[in-house]
Every structure is written in structure tokens, then in C-alpha cells.
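Which chain is which? They are A, B, C, D and E, in the order written, and residues in each are numbered from 1.
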């Protein structure tokens, strides 16, 4: 539909479908390569290095060289690994991410399909890739892989909840605004949400939402400072420690693709996506540029955070999600509900959300101050004992009174 | 006569005594005892009054009293369940019997020191239940009271009993409640079949039940109640229960409770399902006869005093069932008389045995001897009971058994012979008992025995009085019983033969 | 659209498979999975009825029902695993017939 | 859509109460934990009284999902009463032997909330969710003593079988929905008449392969749905053969929860059972009654026979409660499509027996809890000599057990008499006879308990007399008095119940009137 | 119903077969993790059928909720059973009985389904997709009480799971 319009010719459905798939694969590959290159470059700059320079002009072909290396590498499977789980895991991790492309609006008309439930689709499908992670973790028959997998799953699930709640809050705002135009039920579609941000990016209405979304995104992607599942110094490399060659590459590809997709989603939800922020209806070409500018900003932010922040402990990470983000997300949803139900103006929504964000910041600051005040002796440097793995054989407790 | 409140009092006084006792702290044992004594005295007076005032000239049910109880439940009938009380000529002596035995029972129980409070609570519950059965005119209430009478037995035996009490108590309770299951089913069948929408016996009596239905459900009542009356194959709980029970409970049990069975057969079986009597009463007669002989033979073999009396009870209740089985006015009359007579007599027996056992701590006949030297009063009273038991003229037993034999001769002469045989056997064991234990050579082991306490003497006198009264002047009883019996459905009138009531010119 | 009967038969088979799992498995987690299969069959049934019937019935109760069933199922999994974890902490097993202090 | 939220204020207040208790415990860490128990109890009592006063005359519907009629209000008060006594009995127990007290009481309140909603539901989805709310609370509560492997195991088994039974029931519901197109009781009713018409005939014609299936009438799916729902409910009320979880859950659960489970859980399931079967399925009574009757018979027989072999008191009570379920099912069997007033009386009889049974059971458990608080033991032999050590407890237990056995003076006699009479009246003489025989058997094992208390002397190192805490003793006195009152004069209670069951049969009455009119 | 076999029906049967085979895998797999993986496949099949039935919302909810829930499930299965280290008998003794019972259930269900005349629309054209708006409206008006109940229920499930699973100081 979209492509055929773009090409200006009508074509059979199957060709259309094929074209879309090719489009996705191509885009995904390019983006992944670009991201890998960018990350290395940006990180290097942070660390006062120059990064890859040899392959291609200023190292731009480095990613392709990496890919070639991976493809030609021997595919090793540990002898004790579980065959099916080990072999299938990369696909399980990869395919869901691949599917998430479907509702992503790169421009007003450039998307694969404008799903009415696009947001739900993104989260429903993206959540499945954790299955691949767990399969890999378990199938590798490696203690560190398992630890990493367990961490990854726990982390993903924990941060999915505040993220989803925030998306709900955004959808509430969007539905309230769209209802003015007559179709509130379109609020589940990402493109409609973007379309509504012609003058007001939702970051102004839901600053808390943006904050939580970005944090959640980092955690979902196992990006630093939330990279415990794959932290070399803790679990050697996490769930894909036993993988090599292209299978390892698929995990990597999946991760970078997911990064790109979530960033696009964040820019769509909060930064107005393909919109020029001052209301002018810009053309298709500029829309692409706008999308990529906004995503790039976020990408630099994400990559930069790797260099800027130290890694958390796993328990701190979980506590932060459950004890800080989740309550604030819930409060945000309730607040939105109350304000919108009583027809509050947009600026009220924004102000309240900003107030909540300030409160969150204040709370975190207070907690950190208090922790520091307690002195260094309470600082734990090792993660909590992974008792899940080493649980001793427990003899049944003697029968007796309660 | 319309003073039904007197009947209500029979239930209220012991009930109130029970509640009052619950409130008394258990350390005041004497208060408890006195409450019980006062209550039983009051009920005894009430019972006597009812017995005396019952207008035998008028006959039928009197003292009618009806209160609504459980209402508005569609399938329990339009009138629901009512608290309907009344006595007829059969119930009146039974009420008196219960009053007497209960009173005597309290006297005999005076010496109980273990958990006095609990004992009297349960005793009063039992006592109330028995009254309820005698005076209840509503099947629900009747059954309620019947179960209430059975229920405390278990605890009474288990706590205060002796000799294999766990077994005896459990057996007794299970057999009796098992019997009541049959009654329960029978009651519902009758209710459904009658379609009168009431459990009121007064109404149900007037309803003609089909022969087939009656033949099917008569045995539910006959066996269900018969179990309590020691009906032959189901009698084994009775001696075990008697032996295990404490004295007062044995008294009430043998003296009153077993009569409930026979009474139930009259009330539920003969009155409500008369059509079933033709088929089943001969069976009852045969079983009664067998029980009479079997009980007597068993009694001969026993060495434990209580077992002797227990089997003797079976035997005597066999007479009662025989009498009922004759289905003629004299036989049934005799059965009712025997119920009364045996009730008082066996209560006396157990009171005496209890008095002995408390001192001797054994009931083995073989170790006793010459007790008359130490316990003359005991021997006299025991003797009176024994002589009543073997049917000595001048004592109540004779009157009753004579009626039964006469009735049986009229219908089943052969069984009359059986009955007389068993009376003879009774003579054997009673006289053996007397000869061995009371007279005979004195066993020096019993040097320290004392005679009966005054409480026991009082109890014995209370019980002996009606024995002698009925023996020499049975008219007050027969006056009340005979007309009522004559009005029972399906009763053969054989007035031509000898009846004592003819003496009074009726 | 496939005929309603086909969907129902498929669901019945799924339900029966789940029931078989419950009845033959002895590991608590596996029993739980089997129960989830059964619940899936139920929600599919509900949705099928709602979709095929809602022209006539004018309601979408079945869809709502399916939604709630899915939610309940998730809660059930969470709670059941809490209990299983507790069992494992106490007894080091998750097989229901090794958990046999009480007669089964 | 206009929803009258004031109708369900008590439910909201209940949820609020639970949340407040839990939150308060987080805030007030230094307060003696027993005050949370007493606060809960007071809260429940207040809600009960206010509900009874304020809602008794209400007869209204909340949307299509809840009915707030006499039946609802009666059960609201009833459940609140159950919870009240449970909490009262639990205070000392929880203080001595459990942790997380506030959550404990909070979950009890939540479970009660589930019960209240269940009794009010007039729609299958709501009913199912309420049932799950109740069940979930119980799954947790049963395993609440989390370091005790028994508690844990009971919880695990209860949970797994409970989930299985939910699935069965849900499948049945889906079939019902598929056939009738609705999940509202009152709307199911008329369709059921159509759907189950001559099911036997239809099946026969189908089996005969004649292909002559009546195109608009053949709906055996409905019958299968009914059977599955009954089976699922059978699990919830623990009817044989769906009872396997019961003894384990009962034995494993902390004692107050065993009490609550046996009283509240059962009462709620039967409230649901009754409303569903009288409002929705009554017209098809002829089709399902045999199934329920067999269920009842088997339950009574097996429950009692299994109880005979038990040595643990909680397990004994579990089987005893199973057999009680059999008696209660007799009340369902007595529902009669053709005779609405008979049905209503049967329903009232069922509720009466339910109330009697629950009162009695709570009394038993309250007494056992008092005993357990002192001794920490719950085998039957441990009760030895209780009559010496604490005569009042022994009396309360004995009275309650006699009541369960259906002995006169106590609730069990009158209520069983009435419920069996209901079955007799509906032509189920054999079922009533089984019931009577079963309760005769039950007397045996109750007597075995009573024997331990009264016959033997106390054993072991602890033979002193002991005291029962005031609130618990007070609760026991009230309960035993209640047992006696129901046993001696059930009429006033029955009148109340009767007026509350009226609403259940309005629809059926209208239907049958319509049939008569044809 | 339209005549002939439409593409949708083909897809349906493919999904159904996948779903059922995976389901059989769940109940027969000799390894807990495999069972869980089969379960995911089965769930995906169910979600696909939801899509065919035009209820995308339920399909996505299915993926979203089960996706997460099941992953936790597998994790715990991994941690708890250590299937690799200690192979366990995963079937109870009553296996034949269970199979027989479930086959009986299946026969009864299929018999009932086939024998019943279901109310279905004349043609599948009459079948309209169930819109998200309709679902939302229904949940927040008619079904508000169930919705609230589910809310309460989820919180107690969460509370209970945490309370039960969390280690205690006297835990060994």
C-alpha cells in the first residue's frame, strides 16, 4: 500500500509484501551496522580515543568487516548444550524484534501497516524476544549464561511494567486530544499519536513519561548503566557467552535493531516523530530527516550513557523499577485519568507530570544522600548471592506443629 | 381435663434444672445435687398428679397442649411442626414410671463425686428426653425427644461407667442411633404417604394407610424402636450397656429407656400403621418369645450381677414384645403393665447392685455369700425385686405377666408355653442368685460391708411402693391402660376371659 | 472463516490435552502449564462464540470473558509459582507426589 | 449506562478496610499486632450491622452483574459474621504462630469480599471472578504458615486442583454461553428450557444416525456445560469425587484458616450454587438433578467412611465437612422445576442447614484453636482429658460435634431434618435414607473425639487447667448459644431466610406461570 | 458459510495443528523446559487463531501477558527442577487412567459439540470484527465490577506471591 503509492504503480499483494520484507531487512541491517559504528566512534570520543579508522573512510566499513568476520567464523556448539534450545534461541530473540517494525511510522505515510493496536503490538511482540534470551541461557549449559539470562528476564519484565503504564498514560492523553477530532479509538495507533503532535510534542505533556520510558528502554535493551545481564565483569558476557559466529551476531543484530526501534518509538511518542515542531506541514523528505534527527539525538543519549554512568547492582536495579518507577507510573496514570475525566487543560497535564518528575528526582536525590550519609561500610560491592542456582539440598523440615 | 401445662412442666422443670446446673460452678457439688433432687421431686409430683388426674372414664388423649414450633416451611406441612403434648392411658403410667425412676436415680446418684455437675446435666437431658417421648404427639418432637434420650447415654456411660465401658457405650449408642435411622426414614415415609402436611400424630392416626405401604414401613418402626426394647437379634447392646453404665444410668436405662422402644412400637407402629400389624405382629411375638427364653437362659449362665439383670431385662422385654405381638386387649394390656412393672423392678435391681458394687467393687456372684448378715436391707430389697421378677403373686410382676400369658394363650398358645417356660427359668436364676449371694455361707472377705445408705434406702422405698401397690391393687393402672388399649386399632377384644379390670365392674 | 464447529472441536481437543496433562503429570509446574492450556481452550471458545454469535446476540461478552480469563491465568501463574518456590525452599522438590507429608 | 454505586458501598468499604489494615501495619510497626486483629473484627462487625440495617429493604440490580436483594444482604451479613468470628478466634493464634499479621487479616477480609460478591453475582463472569478472588485469598491463606511444609503442601495441592476445577467450570460456562448467548442468570433461564428439551430424545436420534436432529432444539452442549459447571462447583465445595484437595488443605492450613475455609468457603460456594441453579438452571432441573443426586449420595457416603479412619482432628473435620456438603447438595436436589414453592422451601432449607453447619463448625474450630493455642497439637488423641483441663472447651466441642452428627437440641438435628424432608418431598426417599444413614455413621467418629475428651485423663507434661482468652471465650459462648438456638427454634431464622430466597425464584415463577398459561 | 475452503481456513488449520501438536508436546515432553517452549508455541497458535477470529486485542493481550508470565514460569522451572542435573520422572503413576479419563472427556465434548446446533450467522460476511472501542466501552460500563474485582485479585495475587516466595530469616 505504502510502497506501491510511493512507487506510483499498483502491484500484486505478494510483491507488495515481499518488498516490505526486503525493506525491513535492509533497513534493519543498515541501521544495525550504522549503530555499531556510531557506538564505537562515540564511545571512543568519550574516552579520548578515535575509534575505528582503518576500514573504509574514517572506519565506516568497520561494521561490515565485523560481519564478514562473524559469518566466516566457525559455529561452535558446546557438547553439553541442549541442541534445540541452543540452535533456536537466536531466532527466537531475533524474529520478534523483526516483527516490531510493522507499525513503526517513519513518516506520515511510510510504515508497513498502521495497526490500530500498534502500541500494544510493539510491546506484546517485543516481549517475546526474552524467550530467546532464556532459551539461550538455559540451552548453553553455562552457569554464567544462565545467570545472565535470569537477570535479563527479570530486568525485562520489571521494566516492562512501568513502561507499559507510561504508554497507557500517553495513550490517555492522546485519546483525550484525539477525541476532540472525533476518534478517540485511534489512540492505540502510533501514527495517530504522532499525527497529534504537530505543535505539542508529548514530552511537554508527559515529561515524567519520557523519563520513565527512556530509563525503561535502557533496561530493556540491557544498555549501561543497566547492563548486568551481559556484564563481562560479572557474568562473563551473559546469556550469549557460549555463542560464536553468526549466531552471536544475530543476538547482536537483534539488540541493535531493538535499540533503533525503541528509539524510534520514543521519538514518536514523545518528540513528535516526523513532525516539525512548529506546526508546518512538512513534506515527505523532511519528515524522514526529522525522524532521523530526533532518533539520532536519542541514540547519542543512549550511547553516551554507556560512557557516563557506572553500572548498578542488580538489586538496586530491581528496587528502582518496583519501588520508584512503578509507583510514579501508577500515579501518573491516575493523575491523567482524574485530570482528563474532569476536562483539564493540556497545560495542567503537563504541569502535573512535570511536578511528578520533579518529585521523582527529589526522591532519588534524597535516597542517594541518605545512603551516602550512612557511610561507606554499607556499600556492597558484590551482587547478591545468586542463591537461585546454588540453593542447597534442603532436607524437609521435621513434621511438627505449625 | 385440660391442663396441658402440667405436661409442659415435665419438660420445663428438668430443662430448667439443666440450665441452672450449667450456671453453677462445678465446685459446688451439693448445690448441683440439690437442684437435681428438687427438680426430680417436682416432676415426680407432677407425674403423680397427671397419673391421678387422668380421667380414665373419658379415656383417649388428655392434657392436650399445642404450640406452633417450626412453621412456614412448605414441605413440613401447612401447620409446620408443633409442640404437641398429650397423654393417654398408656402414657400416663409411663410418665409416672419415669418420675419414679428419675427421682430414685437422683437419690442413688448422690454418692457420685466425679464431675458431679456434668453428670446431672446429662442426667437431666436424658430425663427430659424420656418425658418428651412419652408425651410428645408430634412426630418431629417425638423423634427429637427420642434422640435426646439416647444421646446422653454415651457420655454417661463413658465417663461414669465401669467394665468395658468404651465398648459398651459405643455399641449401645451406635445400635440405638442406628435404630433411630430406621424410625427417621419411616417418619418421612409416613409423612409423605399421608399427604396431610403435618407431623401431628393425632392427625396421622386418623389416616388410613394402604396395606402395602404399611407392610413396607411397619418394620422400620418395629425394628427401629424394637432395637431399643431389646428386640431379639438386636439385643446384644443391652447387657453390655447395662454393665458398663453407672447405677443411676442403668436404672433409667433399663427402667425407662428400654420401655421407649416398646412404647414407640405402640405409638408409631400400632397406632399409625395398623394395617401393618397383621403381618408383622406375629413376627414380633415370635421374636419376643425367643428373647424371653434366650434372655433367661443367658442370665442363668452369667456370673456378673449386672449381666444377670441385663439379660433378665432382655427376657422381660421379650415378654413385653410378646404381649404387644398378641394384638389382643389383654396381651397388650399386660405388655403395658409389664413395661411399668419391669421398669420399677429393674430400677430397683440396679439400684441395689449399684449399692453393693460401690462397696465391694465386684459384681461376681461367685465371690459373694451370706450378705444378709452384713446387709439385711439390701437383701430384702433385692429379694423383692427378684420375686417381682419371677412373677410372685402380690407383686407387680405377676399381674403383668399373667395378662401377657392370658393374651398369648388366646392367640398363640404355644408361645404362652414358651413364656411360662421362661418365667420358670427366671425363677431359677433369681433364686440361685438369692441363694448364692444373699443367703448361703458368709464369705469373710465382706466383713467390712455396710448396709445401704439412706439415699439408697429412700430410692428403694420409692421404687418398692409401686411394685407392691400394683401387685395388690392394679386397678388404677388397668383402669387407665385397658380402655386406651381397647381403642387401639386392630385389637382383638377377648373380654370373655379373665381380666382384672372386670373386678372393678367395668 | 472456518465453521464454528471446527473451532470448537479444535478447542475441545486442546482442552482435553490440557486435562490429560493435569491428570498425568506430577510436576507442579507442568500441571500448571496444562491448566493454562485448558484455560486457553476456554478463552478461544468464548471468543469464537462471541464472534460468531455477536451479530445475533448483540454482545461481546465472550471477548470480555476471554480477556479476563487471560488476566486471571497470569495471576494464577504468579501465585502458583510463589507457592512452588516456597515448596522448593522448604522441601527441595516441585513434584507434587514427592510433596507427600499429607496423604494425597 | 446508569450504575448505582451506592448499592455496593459495603464491598468498597471492605476493600478499603483490608487496604487500611495492611497499610496501617506498615506504618505502625511498634503496635501490638493483636490490635490489627481486633480492629479488623470491629470493622467487620460494624460493616455487618450497617449493611443489615441499611440494605435490608433494598431490592435492586447493579447493572447486569450484581443483584442486591435480600439474598445478597443475608449472605453479606452471614459472611461478615463468619469473618468476624474467624478473626476473633485467630487473634491469639496469629500472634503466637504467624507472621505478617496485617496481611493475614487483610486477606481474610479480601476473601470475605469475594464471598459477598459471589453471593450477589447474577452473571457468570462476575461470579467466576468473585470465586477466584475468594479462592486466591484462600490459596495464600492456606499456605500462610510458610515455613511449615504441611501448610505449604496443602496450599500447593489446593491451588493446582483449584485451577483445574476453574478450568472445568469455565469450559462449562463457555458452552452455556455458546448455547444461550448470554451469561446473565436471568437470561439463561428461558433458554435453558428450550435447550434441554428432550435431551435424551435428541441424543438418541443423534446416536441412531438418523440425521434427524431437530435443527433448532438439539443442544446437548448445554447439558455438557451444566455437568462441567457442576463438576467445577463440586471441586469448590469439595464434593466427592472432587474432594482430594480438601483434607490436605484443611490439615495444612493454619487452624483459623481451616475454620474459615470450612465455613466461609463452603457457604460462599453454596450461595453461588444456589443462585445459579435456582435462577438460571431451575427450568432444566429434570436434566441435572440425577447428576447432583448421585454427587450428593457419593459425597455423603465417601465423606463419612473416610472420616472414620482419621487420626488428625483437622483431617477429620475435613472429611466431616465433605459429608456435610453431601447433605447440602441434598438441598439442591430438592429443587423442583415444577413446584416453585417447594423449590423455594428447599433453597431455604439449604441455607438454613448452611447457617447451622457454619455456626457449628466455627464453634468447633474456635474451641480447637483455643486448645491449640495452649498445646500446639491437633491430633485427636491430643484432646485427651480436655474435659478435665478446660470443661467449657470440651463442652463446646462436644455440643458442636453432636450438632454435626445431627443430634437433637443442636442445630444439626433440626436443619438436617428439614433438608432431608425437602428431598423426601421431592421424591428422593433413597437419597434422604442415605443421608440419614450417613449421619448415623458420622456419629461414630464424632463420638471417638468426644470419648478422648471425656473418657481419658490428661496425658503428657502439660496437664494443668488453662484459661481461654476473653474474646475467644465470648465468641464461643455466642456460637454455642447460636447452635442451640437454631436447633431448638429455627422458625425466626427460617422466616428471614425464606424472605431472602424469594427473589431467586421470581423468574422461575414467572416462567412456570407462563407455561401454565399456555 | 461460504462454499469451499478459503485461505483463512487453511491458515486456521495450520495454526490449529501447530497449536495442538505443541499442546501434546507440553503434556508429553520429557523435559520441563521443552514443555514450556512447546507451551509458547501453543500460545502463539492460539494468538494466531484469535487474529483469524478478528480479535486482535485479545491476541495481543495473550502475547503480552502470557509472553511475560510464561517466561517467568520457565525461569522458575529452570531454577527449581535442575532438570539437567537430576532427571526426574515427570509422570505420575496414574498415567493410563489420566489418559483414559481425558479421552473420555474429549469424546463427550466432541459428541456434544457436534450434536448441538449452534447459532451462527448466515454468512461470514455478517461477522464483524470486534472493535477495540467496543471492548473498552464494555469493560468500563457493563463489566466495571468484574474489572474492579480483577484489580483486587491481581493485587492479592502479587502480595501473596511475594509474601510466600520471599525468604524468611529462619529460612534455611
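Quick notes on this structure:
Following the convention adopted for this analysis, a residue touches a chain if its C-beta (ideal position, glycine included) is under 8 Å from a C-beta of that chain, and two chains touch if they have at least 3 such contacts.
Quantities reported herein were computed from a predicted structural model and do not represent experimental measurements.
Steps from chain B to chain D, taking the shortest chain of touch contacts, total 1.
Farthest from chain B in terms of Cα centroid separation is A.
Of the two chain pairs shown, A-E and C-D, the one joined by more C-beta contacts is C-D. At the centre of the protein atoms shown, by the Cα-centroid criterion, sits D. Taking each chain's centre as the mean of its C-alpha atoms, chain B lies 64 Å from chain C.
Rounded to whole angstrom, the centroid-to-centroid distance between chain B and chain E, based on C-alpha atoms, equals 70 Å. Averaging Cα coordinates per chain places chain A and chain B 91 Å apart. Distance between chain centres (mean CA atoms), chain C to chain D: 25 Å. Across the assembly, chain A contributes 391, 394, 396-397, 399 as residues in contact with two or more other chains.
Counting partners per residue, chain D has 125, 129, 132, 136, 139-140, 143, 146-147, 149-150, 155, 171, 175, 178, 181 as the residues that reach two or more other chains.
Every residue of chain E that touches chain C in the complex is listed here, in rising order: 1, 6, 8-9, 12-13, 16, 19-20, 23-24, 26-27, 32, 35-36, 39, 42-43, 46, 49-50, 52-55, 57-58, 61-62, 65-66, 68-70, 72-73, 76-77, 80-81, 88-95, 97-99, 101-103, 105-106, 109-110, 113-114, 118-121, 124, 126-128, 130, 134-135, 138-139, 143, 146, 150, 153-154, 157-158, 160-165, 167, 171. Residue ranges on chain D touching chain E, taken from their complex, read 1, 3, 8, 15, 22, 62-66, 99-100, 103, 107, 110, 113-114, 117, 125-126, 129-130, 132-133, 136-137, 139-140, 143, 146-147, 155, 171, 175, 178-179, 181, 202-203, 206, 213-224. On the chain D side of its complex with chain B, the touching residues are 341-342, 344-346, 348-349, 387, 391, 398, 402, 407-409, 413-414, 417-418, 420-422, 424-425, 429, 432-433, 436-437, 440, 443-444, 447, 450-451, 454-455, 489-491, 494-495, 498. Every residue of chain E that touches chain D in the complex is listed here, in rising order: 108-109, 111-113, 115-119, 141-146, 149-150, 152-153, 156-157, 159-160, 163-164, 168, 170-171. Chain C meets chain E in the complex at residues 1-10, 12-27, 29-30, 32-34, 36-37, 40, 43-44, 47-48, 50-57, 59-61, 63-64, 66-68, 70-79, 81-86, 88-89, 94-97.
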